[in-house]
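Pasting the structures in now, so scroll down.
Here chain A shows up in two complexes: once beside chain B, once beside chain C.
For the complex of A and B:
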C-alpha cells in the first residue's frame, strides 16, 4: 500500500498492511526548519515555506501523512483576531486577552475569509503538496472548530463564563462560527486535502463531558454531513468521559491525548471511530529518548490504536531522532 | 467534636456529605462551618453556587451588622472557596463553574478589601504571578490566582508574556515572598529557568520562593530549573504556597 492508501484505509476502518503513522496536528521542529530553511514565523505565512517544512514530516521523519498547518491561528487571524507571531522557536498565538467580539451578534465572517493571507497560505500549501506528494502521501488539512474559535474571538474566560450564564447565547456563537469551519474545510478539500483535522478544544481540563454533548456533539455530526472528507477530531487533555459521545458523531477519527490510556480509550470507542495518538509530548518526545518513545508506540499498537502519532503539535525543540522512533517502531513491530 | 448536624445551612451539609471524601477535609470543614455564624454559612453556600448577587448582598449586610471584615472573609468567602477548590480538584465542577464562584468571591471582596487595607492587617502572603515570556495562555494561572485570593493571599497578576525584569521588579516593589510562573507551551518553559537564573544573577534568589506550573511542566522539570516547588493544579498551588510560607518562617526562625 502507499502511505496515502494506508491512511485512508485506516480512517475508513478498512484493513491495512501496517498501522499508519500520522500527526494530524504538527511535526514541525526547529531542527526541521533549519534542515529545509523554512523557519517560523514565515513558514506559517508563506505557502512555499509552509509546504517545504510540512513535507519533512514524510521525507525526513517517515510519517505516512503531510500536514502543513503548524498552528491554530489561521481562521482567527482571518476573522480579525490579533496574532503574536513570535520567532523561530515559538508558535504564533492569538492574543486572547484582546478579544474582538462580545456577543453572537458581533460575529461576521468577512468576505475575504478564504483569501486572507493566513487562510490562503494553507490552501496554496495544500495545492503545492498535492502536486508533489499527493499520489503517494496523505495530505491532511486543518479547520478549527467553533469552540476553539470561541476562545480566540471572545476570550477564554468570557466565553466559558457565558457558557454557564447563557447557554442560548453560547449556542448562537457556535452557530455563527461554524460557518467558518465549514467554509475553510471545504476549500481545503478543493485544494486537494485527503482528510482534515478538526480541533475543537472542549478539553476535560476545562469543561465537562456533558458540555461536549450539550454544545458540540450535534455540531460535529453536522460537520460530518457538510464537509465531505474524513474528519479527525482533535481535543487535548482528559477526554475519556466524552469519547462515547465523540464515537457517535460519524467522524472518521479522534486524535487523543496521553492523559487517556490507549486500552481504556479503545474499549470505549470500540470500532465506531478510529483513534490517532497518543505519544506524550512534554514528558516523552521532548524530554526523553527513542527508547521511551518506542515503548509508548508499542503500547498503542498492542491496544489496537488505528493510527500512531504524537498526541498534539510536537514541541518545537523535539529531537528528530525521537520523532523518527515512531515510524521505526511501527515498522519493526509490523515485521515481527 | 463537631458533627455534620451542627451545621445549620442545609446546602453546606449536603456539599460536605456528597462531595468530600478525604477524612481530614471532612473533619476540617465540619469544624469550620459548625462554629461559623448562619449568615457566614449562607454566604459560603451562595459562593459555592456561583451566586454573586447574594454574596454581594450578604457581605454588605454582615458588615452593616458589625461583623468583622476578617471574619466575613475567612468564614464566608474563603470557607466557600475551600469547598469549590475540592470539587474542582475532584472534577465535580470544571472551569466555568470555578469562574462563576471566583466572580462571587470578587463581589464579596470588593467590600472587604478596602476595610482590610485600611486596618493594616497582613494577608496570608503576597504572591507575584505571571505567564512567562512568549506565552499568552493564562487560564491556568488565573485559576491559581483565584484560588490563592480565595485563600487569603494578596496576588499581583503580571499577566502574560512576562519578562524576567518584570518578575524581578514586581517581587521587589511588592516585597513578595512568593513568585509563581506559568507556561502552557514547551517552547516557553525554558523561560522559567532563565527567570530563575536572572534572580540569581541579580542576587535576589534568596529573597523569594519560586513555584512553577502549567500543562507541560513536571516536578522533574521544576527541580532541574531550580524552582522551589511545582503545583500540578490550582488547589495544589495553594497548598504549595502555604508550604513555602512555612519554609520561609522556619528559615527565618533558624
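For the complex of A and C:
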C-alpha cells in the first residue's frame, strides 16, 4: 500500500498492511524550519514555505501524512481576529483578550474569507503538496470547529460564561460560526486535501462530556454530512467522558490526548471510530529520548490504536530524532 | 535559537557509545553554519573544561555525562559572538545581593569549598546559597553547607567557574530555564491568554 492508501484505509476502518503514522496537527520544529529554510512566522503565511516545511513530515520524518496547517489561527485571522505572529520559535496566537464580537448577531463571515492571505495560504499550500506528493502521501488539511473559533472571536472567558448563562445564545453563535468551518473545509477538499482535522477545543479541563453532548455532538454530525471527506476530530485533554458521544458522530477518527490511556479509549470507542495520536508532547517527545517515544508508540500499537502520531502540535523545539522514532517504531513493530 | 548567527536553531545532542559524548548540531544549511558550530564547540571546551573527542564531539575527561552542567555550558557558549575571547571564568565572583566576593576553592579530593571575602553582609547565608546554587546548576553533591563536589569526584575548575557566576542567583536562572523550555509549546485555546 502507498502511504496515502494506508491512511485512508485506516480512516475508513478497512484493513491495512501496517498501522499508518499520521500527523493530524503539526510536526513542524525549528530544526525542520532550518533544514528547508522555511521559518515561522512566514511559514504560516506564505504557501511555498508552508508546503516546504509541511513536506518534511514525510520526507524527513517518515510519516504517512503531510499536514501543512501548523497553527490554529488561519481562519480566525481571516475572520478579523488580531493575531500575535510571534517569531520562529513560538506559535502565532489569537489575541483573545481583544475579542472582535459580543453577540451572535455580530458574526459576519467576510466576503474575502477564502481569499484572505491566511486562508488562501493554506489552500495554495495544499495545491502545491497535492501536485508534488498527492499520488503517494495523504494530504491532511484542517478546519477549525465553531467552539474553538468561539474562543478566538468572543474571548475564552466571555464565551464559556455565556455557555453557562445563555445556552440559546451560545447555540446561535455556534450556528453562525459553523459556516466558516464548512466553507474552509470544502475549499480545502477542492484544493486537494484527502482528509481534514477538525479541532474543536471543548477540552477536558474546561468542558464536560455532557457539555459536548449538549452543544457539539449534533454539530459534528452535521459536519460529517456537509464536508464529504474523512474528518479527524481533535480535542485536547482527558476526554474519555465524551468518547462515546464522539464515536456516534460519524467522524472518521478522534485525535486523542495522552491524558487518556490507549486501552481504555479503545474499549470505549470500539470499532465505531478510529483513534489517532496519544504520543505525549511535553514530557516525552520534547523532554525525553527516542526509547521513551518508542515505548509509547508500542503501547498504542499493542492496544490496537488505528493510526499513530503525536497527541497535538509538537513543541517547536522537539528533537527530530524523537519524531523519527514514531515511524521507525511502527515499521519495526509491524515487521516483527 | 542562535541570536549571533541568523537565528538558526542549535542543539546539543548526547551520543552514548562507551562514554557519553556531546555533539553541537544544527540542521541549518546556511553558509557559515559550520564555522559557528565550531566556535560554540571551542567555547564549550574552554568554558566547561571539555575535551575534543572523535568527529567534532566533546566529552568530559572523567567520562561522566554531567548532563545538567553541560547544558549550562552550551547555553553560555551560545551567548558568545563568534570570535569572542575565550578564557575560562575565574573561581570568584561578586555577589551583588551581599556585596561579598564569593570564592570557590578546590581541594585534591575534588571538593569545592565556598568562601566569602569583603565587607558585605550575611556571609554565612550567602555562602550556603552559592553552594546550593552550584549543586543545582551542576548537579553537584553537597558535602556540607558550603562545600560541594561532582558525583564523578574529579575536579572541573573551569566548569565550576562558569557555574559560579550564576550560582548566587540560581532561582532566577531556573525560572528563566523554565520559561525558555515552555516557549514553543502550543497550549489549547482555553489555556491561552
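In this section, the second predicted complex is superposed on the first by the 336 of 336 C-alpha atoms of A that agree within 3 Å, B and C clash if a C-alpha of one lies under 4 Å from a C-alpha of the other, contacts with A are read in each partner's own complex, and residues count from 1 in each chain.
Methods note: a contact is a pair of C-beta atoms (placed from the backbone, for glycine too) under 8 Å apart; a residue touches a chain by one contact, two chains touch by 3 or more.
Predicted model only: the values in this text are computed from it and were never measured.
Partners chain B and chain C clash in the overlay (superposition on chain A).
Residue contacts after overlaying the shared chain place A:72 against chain C, while chain B stays out of touching range. Shared-chain residue A:93: touches chain B and chain C both. When the two structures are aligned on the shared chain, A:128 is found in touch with neither chain B nor chain C.
With both complexes placed on chain A, chain A has more residues touched by C than by the other of chain B and chain C. In the superposed pair of complexes, A:148 makes contact with chain C only, with no contact to chain B. When both complexes are overlaid on chain A, the residue A:208 reaches chain B alone and has no touch with chain C. Legend: residue contacts after superposition of the two complexes on their common chain; A:161 is shown touching chain B, with no touch to chain C. By the touch criterion stated above, A:32 is placed in contact with chain C alone, chain B being left untouched. Legend: residue contacts after superposition of the two complexes on their common chain; A:312 is shown touching chain C, with no touch to chain B.
In the superposition on chain A, A:320 contacts chain C only, with no contact to chain B.
After superposition on chain A, the stretch of chain B whose C-alpha atoms clash with chain C is 184-192, while the remaining options among 148-156, 184-192 or 238-246 stay clear.
Once both structures are placed on chain A, chain A residues 89-91, 93-94, 96-97, 156, 160, 205-207, 281-282, 286, 315-317 are touched by chain B and, in the other complex, by chain C. Chain contact summary for the complex, chain C toward chain A: residues 1, 7-9, 11, 13, 26-30, 181, 183-186, 188-193. Touching chain B in their complex are the following residues of chain A: 84, 86, 89-91, 93-97, 156-157, 160-161, 163-165, 204-208, 211, 281-283, 286-287, 315-317.
On the chain A side of its complex with chain C, the touching residues are 26, 30-35, 37, 39, 72, 87-91, 93-94, 96-97, 148, 151-152, 156, 160, 201, 203, 205-207, 236-237, 281-282, 286, 312-313, 315-317, 319-321. By the touch criterion given at the top, residues 50, 91, 94-97, 99-100, 103, 134-139, 142, 159-161, 185-189, 215-218, 220-221 of chain B touch chain A in their complex.
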